[in-house]
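Each of the two complexes below includes subunit A, the first together with subunit B, the second together with subunit C.
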Partner chain A sequence: MARSSNRRLFTEYRQLFENCPDGIVAGPKTEDNFLEWEALIAGPEGTPFEFGVFVTELKFPADYPMSPPKMRFLSDMFHPNVYPDGRVCISILHAPGEDPTGYESSHERWSPILSVEKILISVMSMLAEPNVESGANIDACKMWRENRDEFNKIAHNLVKKSLCIM
Partner chain B sequence: MASNTSSEEVVIPVEPVTATDTTDASNADIPDYLKMSAMEHDQAVEHMKQDIEKEVSKQHLVGDIEPTSVLKTVYANDDSVYQAKIQEIEKNYSKIRRIRQDGNCFFRSFGFSLMEQLLANKSEIDKIKPSLTAVKTDLIGKFGYPDMTVEDFYDNFIEVLDKLKEEETDIEYLLKTYQDSGLSDYMVCFMRLIVSVQLQRNAEFYLNFISSKYPTIKSFLSEEVEPMYVESDHLHIDGLSTCLNIRIIVQYMDRGMKVQEHKFQEGSPINVTINLLYRPGHYDILYA
Partner chain C sequence: MSDSDYEHDDEDKDNDDDEPDYLSDPDDEFFDQVEPVLKPPPGLMAKEPRGPMGYLDFKFTCIGPDELMSRMHDIVKQVNAIFELPPCTTRILLSHFNWDKERLLERFYDGNQEKLFKDAHIVNPFRQARVPVGNSTILSVDVICDICLMETSHKQLEGLECHHLFCIDCWRNYMRTRIEDSGNALAIPCPHGKCDILVNENIVYRVMQPFPDVIRRFQYLSAQTFVQQHKLMKWCPSPGCTFAVEANSTRGVPVMCNCGYRFCFSCSSPAHEPVSCKYFQLWVKKCEDDSETAHWIHANTKQCPKCKATIEKSGGCNHMVCRNVNCKADFCWVCLGPWEPHGSSWYNCNRYNNSNAKVARDGQAQHRQALERYLFYYNRYVNHMKSLKFEDKLYAQIEVKMRDMQKLGLAWIETQFLKQAVDSLCHCRNTLMYTYVFAFFLTKNNHSILFEDNQRDLEMATETLSEYLERDINSDSISDTKVKVQDKSTYCERRRQVLLDYVYEGYESDIWEFNMM
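Up next, the complex of A and B:
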């Protein structure tokens, strides 16, 4: 079982190393355990998270890529689709049938054809465009909808914090 | 429950019954699962699911060959419908190879049976390869799938096919490959992609058979075909059989009148026939 997930993660690591999408750096925390990765994600341009660099963690199941990894922000994050404890809740991190927050069927689910790169790109676009229909952090959802200035202020502070200038 | 309450309001009891008595009496009739709170209910369902998964994971991904009569022990002796059908199937298929009931059983049955026959009939291997390569090329070139992951699944499938050509490869190798969940699931994955390509190539045709809850062929594929552990039906069988031009014969054993036989790609020139047994929600391999 571990053989395939390790082989696949090794291929993905090599590809990400050679050709990483803008604003993303990712790889195993240590070379002797390919099932735990750390990924740095830059806040997308033109969003309240711009200039921030956020640290996240990905934990892969032994049957990866058959099942998706779990992902968590290690940096502080306040966002409609991130639980207060940092867990990321977007449809691509769930197999069909798992419905923690009732996604619509049009949202892309996990399938083995996807990859770490695809997840990280989805998380970047999640930072730019939260999905308030299926929120994980109710306070963040509410603030995003009703008090955008306050939301942006919190986001700016998180950006500063992520750069250790606070 | 609701009808009980309303009838109490209308019907005057012959003997006077106190309110608490009524509740107790009706409560005794209510199954345990109805007395649970929503959260308890969710937990109970979750436990039940875990128990089933645990039970299922004890089954071999691909079992050994057994006499078809082994199925008689699966159903109750007095289940005359199924017992009669098993006898009917036994007439043409004396042996069965049971496959794990994990939602991938159609693909695993197909893949194993295909390769088992190719092992005995090595000259057919190269007849199948061009359609496999076309699957890879179309996924990447025509439908924009990521080359890294597609090639990973394709390479794994081809590697095993090539191994079948070697003189010293035997059924033990094939069993070992299909019983190793990592390798076995990789095969299933690629076969799911084969169905995906076939349906995308003929999207307009296949859309006629897809539930209207899926507005596009793409949405159907990403929910019902490409993810692992999602069960297969007629469309999956048709897609795989048509794309590779492999003959499949399925014996449908359900509560209906008699065993129904369905044939796919009957006229295929490739000297392989996949014989499957379908019982509601599950596929196994049959042998003459």
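Up next, the complex of A and C:
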């Protein structure tokens, strides 16, 4: 299993290297462990996270791609779908068997034909359009709904912080 | 009890080690092999034919882990005789309808078949392209498997009827992960994220052929799911037991697993006849909430005469002010009448039969009476429960006695009557225990009085048997002992059966009136 996960991750790495979508850079942290990746995500245009560059970490299980990786923001992040400790909570990172929230159909969950690229694109769209129905950070959810100006201000500060100008 | 129930049980156990009869002809023979727990003792059997008692029609049988798969295949076969679909498709359909053949047949012929297949997550087998998987026109070209992203020759690709093809290695990894982690082996979707067609057993057996451990796990999970979904099957809830019980109705009637554990078929709680599942659950909840507290409340508190809040006296002063913010009644602890007169010149708490206070005391007495009633039944229920636990000791004593008898030249089989007598005793105690629950919820009427008579007879018979087994057994000769023990235990069993018959008859003819309490 470990061999096939390495092979697949290597292929994905090569494909991402050759043909990378805008706003995403990703690859293994070190050459000798393909199960831990680091990815940089650019804040999507026209959102409060625009111009930010956020560092994230992906940890792959030995049976990848049968099980999904775990993803965490290493940069500070304040977002309805990101736990305060940085863990990302989006449906495609949930294995089909488990359903922590109880209302995700199996379509929206992890499947072996998804990839790092698809995860990172989902995370970018999550930054642009939070899903406040199933929030991971309650404070962020509340602020997003009730006090958008304050939320935008915090996001803007995070952008500055991610660019090391604070 | 020479011709007792328990010898039959032993026979059944022996049968199950061999090939059981009903496998040869599941349709007709299946329910003939009946566990005789509810079979009336021989004395009553003579009076057949009996009235139209539904609960006597209740039949059940124990199914060992190995036979479950063949039971499942039998059902698939029966349905397939009509449908003529691939067995793996039929199985998914059946599973979708929780193994209810009739409902599936109804849907299959009455409704929108396209929707039926969609709901069951299978490709419509009638519209399926007849091209077998892996036999496409682009045979020569290497294709890329969407999971491992490697080039694979087309021959190695596998897939379901939805034609999402992946290489065999990825299928193996996928199935291993899903089967090892999953609790429901019949609900594994196609690995393609946007496709919800379910993996069928054919592809599992085809792809996982080199991995017998995964196939075993798959079969185990299939059996597990089968029993969970099938309305007329239940796992034996006894810890570590691998038997399932199949019955012909979902009634709350006790069944006995081959492991010896007796449980209610409807709610899987320990056997609780004659009380119904609903009132059994109510009772258990009431006991959990109440019993200890109720005793204490009974001994140490009174109620506010106005709002009925329970009050504990914590100081010497008899002027009580209810702490309930909505009540705040002032009253006297002694007479429970309003406090007002106590402070003025017309103080007459010392005089008996003050009318105001009497009303309050009557109200309180009513409430206390309900509590007392509960405690009456609870104490008798608990008493039988405790006795039942002590019978473990009796089993040990009887074991010694049986060995002594064997030393005196009796055969092992000739001493079994003693063990059977203790078995009867335990059954009777168990039934008695729950007769008090039944009686607690019962509204008093003529039928309930008859019930109490039956209860009294059973209790007397049980106590006589219990006393004899525990104390007097050593005073008689062996032949006398045998006659007496058998007489007493047969009588017990008969009393128990009479009581159960009466109760169940009552259920059928709807004579019982219950009080929710």
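What we mean here is this: the second predicted complex is superposed on the first by the 160 of 166 C-alpha atoms of A that agree within 3 Å, B and C clash if a C-alpha of one lies under 4 Å from a C-alpha of the other, contacts with A are read in each partner's own complex, and residues count from 1 in each chain.
The criterion applied here is as follows: contacts are C-beta pairs under 8 Å (C-beta built on N, C-alpha and C of every residue); 3 or more make two chains touch, one makes a residue touch a chain.
The model shown is predicted, which means the values in this text are computed figures rather than measured ones.
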- After the match on subunit A, would you call subunit B and subunit C a fit or a clash? clash
- Which chain, subunit B or subunit C, is in touch with more residues of subunit A? B
- Message: Applying the document's definition of touch, where does A:139 land relative to subunit B and subunit C: first, second, both, or neither?
- Response: neither
- Message: Tell me the contact category for A:111 with respect to subunit B and subunit C: first, second, both or neither.
- Response: both
- Query: Which holds for A:36: it touches subunit B only (first), subunit C only (second), both, or neither?
  - Reply: neither
- Message: I'd like to know which partner A:8 touches here: subunit B for first, subunit C for second, both or neither.
- Response: both
- Task: Applying the touch criterion given at the start, work out whether A:63 contacts subunit B, subunit C, both or neither, answering first, second, both or neither.
- Result: both
- Task: Check whether A:150 is in contact with subunit B, with subunit C, with both or with neither, and answer first, second, both or neither.
- Result: neither
- Among 3-11, 291-299 or 381-389, which stretch of subunit C shows C-alpha clashes with subunit B in the combined arrangement? 291-299
- After superposition on chain A, the subunit A residues reached by both subunit B and subunit C are 1, 4, 8, 11-12, 15, 63, 65-67, 95-97, 106, 109-114
- In the complex, subunit A residues that touch subunit C: 1, 4, 7-8, 11-12, 15, 63, 65-67, 95-97, 106-107, 109-114
- Interface residues, subunit B side, partner subunit A - complex: 145-146, 148-150, 152-153, 180-183, 185-186, 189, 193, 213-214, 219, 222-224, 226-230
- Query: Inside the complex, what are the residues of subunit C that reach subunit A?
  - Reply: 146-150, 166, 169-170, 173-174, 176-178, 181-183, 189, 191-194, 196
- Query: Can you list the subunit A residues touching subunit B in their complex?
  - Reply: 1-5, 8, 11-12, 15, 63, 65-67, 95-97, 105-106, 108-115, 117-118
